[in-house]
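Common to both upcoming complexes is chain A, partnered first by chain B, then by chain C.
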Partner chain A sequence: MDNTIAKKKRRIALGCEGSANKLGIGVILHEGDVGSPLATATVLSNVRHTFVSPPGTGFLPKDTARHHRSFFVRVAKQALSDAGISIADIDCICYTKGPGMGAPLTSVAVAARTLALLWDKELVGVNHCVGHIEMGRAITGAAHPVVLYVSGGNTQVIAYAEQRYRIFGETLDIAVGNCLDRFARTLGISNDPAPGYNIEQLAKQGGRVLLDLPYAVKGMDCSFSGILTRADELAAHMKAGGVGPDGEPFTPADLCFSLQETVFAMLVEITERAMAHVGSSQVLIVGGVGCNERLQEMMGAMAADRGGSVYATDERFCIDNGIMIAHAGLLAYETGFRTPINESTCTQRFRTDEVLVKWRK
Partner chain B sequence: MATDATAGLPCELTLDIPFPDARLASVALNAIRVDKELSLLVKRDLSVIPADGSSDQSVLRVEYKAATNRMLRVAVNSFLDSLALVLEVMEELDVDVVEARQKENSG
Partner chain C sequence: MATSSSPSETPTQSQQFPLPKVLTYPASAPPTLITQGAEGRLYKTTHLTPDRPCALKYRPPKAYRHPILDARLTKARLSSEAKVLERCWREGVPVPAVYAMDPAAGWMMLEWIEGVPVRMAINEWLGERPEEEEEEEDQGQQDKDIPPGAGEAAAGEEEAPLVNLMRRIGTVVGALHRTGVVHGDLTTSNMMLRPWGEKGQPNGCAASEEDQDKQKGKVLEGDVVLIDFGLATQSMSDEDRAVDLYVLERAFASTHPRAERLFTTVLDSYREAFKKAPSVLAKLEDVRMRGRKRSMLG
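Here is the complex of A and B:
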């Protein structure tokens, strides 16, 4: 193992993320002794460019990959100049190995490899989910939380034990964010800045009625596809001039409200059960859906009842970004982890618990 | 297009991409060859070869063989997309380019 890096007082990584529709490049600085509680992480830059598809449509792998290829150099230049560092200051290049969409992942990996080869730096392949968890921990300072990871592609309740992030519960079909994104398409809501954000804003105007949607918690797991089907049916019913359970018409805002209340209640339930199981009173919410203030509020109420609290970050760190890949990659790099160029592939499926979390006790 | 019926991949295309020097050709080779072709009906061979009248391995050669012309077109287009990205990164983010830009901005 190469111990040189562990002896350096200042360690810098550049991270490249592109597993879904966000292209993110960031630079992180770690200072202090590796593994010491006094070691700090500082964000030097965090640049993102999002591929936004027209209302009623989702982002397709081919178009998303093209977006990442066309913006990579622009975003990388910005990240470098924001950080105010020289190439010599950088210790390693980190990239998202998976999980995610194949073509966008690969497009960013090609560029990350090119940088590593041109700059003569080592490469570190990072699990996207572990990136979210480590960034959430670093920003909020939550030491030993139960983690709820909720995004457009993933829905998992996670707790750390013996150098693995163990999955306690997860979705059985689609991710909660995918359910929200697709319902936004049904309603023809804008995808700018994000479909979930626009659903959240619309839901604030709803709530006259709570429409009945199938609450689908199965043990520690959740299912969202049936809820989406039912919500789509209700939307069609509404457009045809149908009425709600109280005989009055209902609105897209009522639908968004009902959808959020139902799916978030399910997430709160499985998270609470995981907290009871591991005896933790902290819950950390990461992933794009983690920006949702209604979800944070509901989770906060549950955590407060248990004498604990909820930790969440804002859109800079919740939504996919390059800095989390840089941070998690640098943590692994400091323990001696490397990804040789000829092994620096991407993989659409890469479970959170496959990663050996060598940097934690 | 030549035929290679024995391999069952009759559609072929070979491209030679010249680079300014052997270092950049090698970077392109190593950045691109990691990702395997997704279809078993497409075969790709990447190598670097010397430029005419030189000993520098500064030409990237890609040889594609595919079952149909359509598969060949899709695979070659995807290769060209990756190549264009690699070239742009080289042009804008190679060490000397970044250093020159940083010097200009600070001065």
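Here is the complex of A and C:
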């Protein structure tokens, strides 16, 4: 194993992320001995550009990939100048290997490969979910948390054991973020800055009634597609001038409120079950839906009940970003992990528990 | 009723939470908080007479949940849990008996099950063992009573007590599904290992072993009793049963990674115990595939 990197005092990685509609490039600096508790991670830059589709529509792979291709150079230059480093300072180029949408992943992988060849750097392919988890741990300092990873494409409850991030529970169909995004489309809510954010704002005005939606928890897993179907039906009922359980008309805000209350209660419940199962009192929320303050509040109430606490980050780190890919990639790089150029592929399916977490005990 | 990993923390915690009203009435012995599971709290108290221990399962209101949703879920879950437990009890599936309940107040009194959770027993047993499980010592016990069809018979004498426990788990889950009930949260934390006591072992396993083996296997002895039916439903569908097995399989893999490969034994004895098992196991394949596919997007 090439150990020269482990002996360096300052290690720098550039990370490229583009598994969904965000293109993110960031530069991270690791200082101190590898594996030492005193080692620190510093964010040198974290630049993101998001592809926003018109209200009522989702982002399609082809358009998203085109967006990433057109903005890659601009975002990369910005990330380098924000970081104030020169190309010679970079030790490795990290990119998202998966999971994600095929076309956008490919665009970014090609771009990362190009940088590696151009600058003569080594490549590190990173699992997107592990990137979220490691960044969340680094930012919040949560040592051994149960992780709730909630985004537009993933819904997983994860706990670390024996060098793997093991999945305790997950969605049986669509991701919770996908459920929210698609309901935003039903209501014709804007996708700017994010459909989930706009649902959250709208939900704050609701709450006069709690509309009855299915509550679908199966063991540590949950299901959202039936809830979305029912919410869509209720939306149609509302548009047709129907009334709620109290005989009064209800609003899109009431629908958003009820949807959030129901799906977040399910997420908190499966997280609590995993915490009880592994005997942990810390919970870390990562992924785009993780910046929802109502979810954080509910999770906090649950964790407090169990004598623990919730760790969450803000949109800079919750929402897909390049810095988390740089950070997780550099952690792997420091243990000797490399992705040779002829293996620098990407994949739509890449489970969190497939990664050997060599950097943790 | 999921049981905590450290039962020693019991007495001090009693004051940590306000007691449900039913436990504030005068009693000969104060209730003790056994655990705070995910679903609620479990107290040990007595039912009718001071020498009849019972478990009181209390689902406190969840502060994080909308009050209407919370009330709806608590009441529905408690009622359905009692219904399911009674059905299992009638059909001879090993579960705690229901003594009394008040769904609106959120509590239920159940038979007290002695013993430790299966999870704890397995981890204790695995913990005593050397890292290299495959390196078995030859103790010349080739004629040991491993039931026919045990998928892991070749794995050796060393693992016999664990394989035997896995078989008992499969049998109990098979009996549960035969009854028309799916558990909804099958994990090794939700199974108790009730000691056999002086009555002798029902299937003669480990009874005639050498002393050292007996000691080692001892932690894995006992009847498997299913607990915590908080998410159980009455269902005869292959899909639900397969998801039940899938939940157990995944919980097993994440809780006991070192014994993960023995899980086939559970499915083998499940097949023997339950006539409709083949179609459920076929469905389990589908459920697993679906599980893999779930890693779709970022």
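Criterion: the second predicted complex is superposed on the first by the 361 of 361 C-alpha atoms of A that agree within 3 Å, B and C clash if a C-alpha of one lies under 4 Å from a C-alpha of the other, contacts with A are read in each partner's own complex, and residues count from 1 in each chain.
Quick note on the criterion: a contact is a pair of C-beta atoms (placed from the backbone, for glycine too) under 8 Å apart; a residue touches a chain by one contact, two chains touch by 3 or more.
Owing to the predicted nature of the structure, the values given are computational and were not obtained by experimental measurement.
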*Which partner does A:Ser19 contact after superposing on A: first (chain B), second (chain C), both, neither?*
second
*Please work out whether A:Gly219 is in contact with chain B alone, chain C alone, both, or neither, and reply first, second, both or neither.*
second
*Where does A:Val73 make contact in the superposed view: on chain B (first), on chain C (second), on both, or on neither?*
first
*Applying the touch criterion given at the start, work out whether A:Ser86 contacts chain B, chain C, both or neither, answering first, second, both or neither.*
first
*More residues of chain A are touched by which chain, chain B or chain C?*
C
*asked:* If we overlay the two complexes on their shared chain A, which of chain B and chain C does A:Ala6 touch? Say first, second, both or neither.
replied: neither
*Doubly contacted chain A residues - partners chain C and chain B*: none
_Using the touch definition from the top, list the residues of chain B that touch chain A in their complex._
26-28, 30-32, 34-36, 81-82, 84-86, 88-90, 92-95, 98-99, 102, 105
_In the complex, chain C residues that touch chain A_ = 2, 4-6, 36-39, 62-66, 68-69, 73, 184-187, 189, 231, 243-244, 247, 250-251, 253-255, 257, 290-298
*Considering the complex alone, what residue numbers of chain A touch chain B?*
65-66, 69, 72-73, 76-77, 80-81, 86-87, 106-107, 109-111, 113-115, 117-119, 341-346
*If you look only at chain A, which of its residues touch chain C in the complex?*
19-20, 96, 98-101, 105, 128-129, 151-154, 159, 161-162, 164, 166-168, 170-172, 175, 178, 210, 215, 217-221, 261-262, 265, 268-269, 272-273, 275-277, 279, 297-299, 301-302, 305-306, 320, 348-352
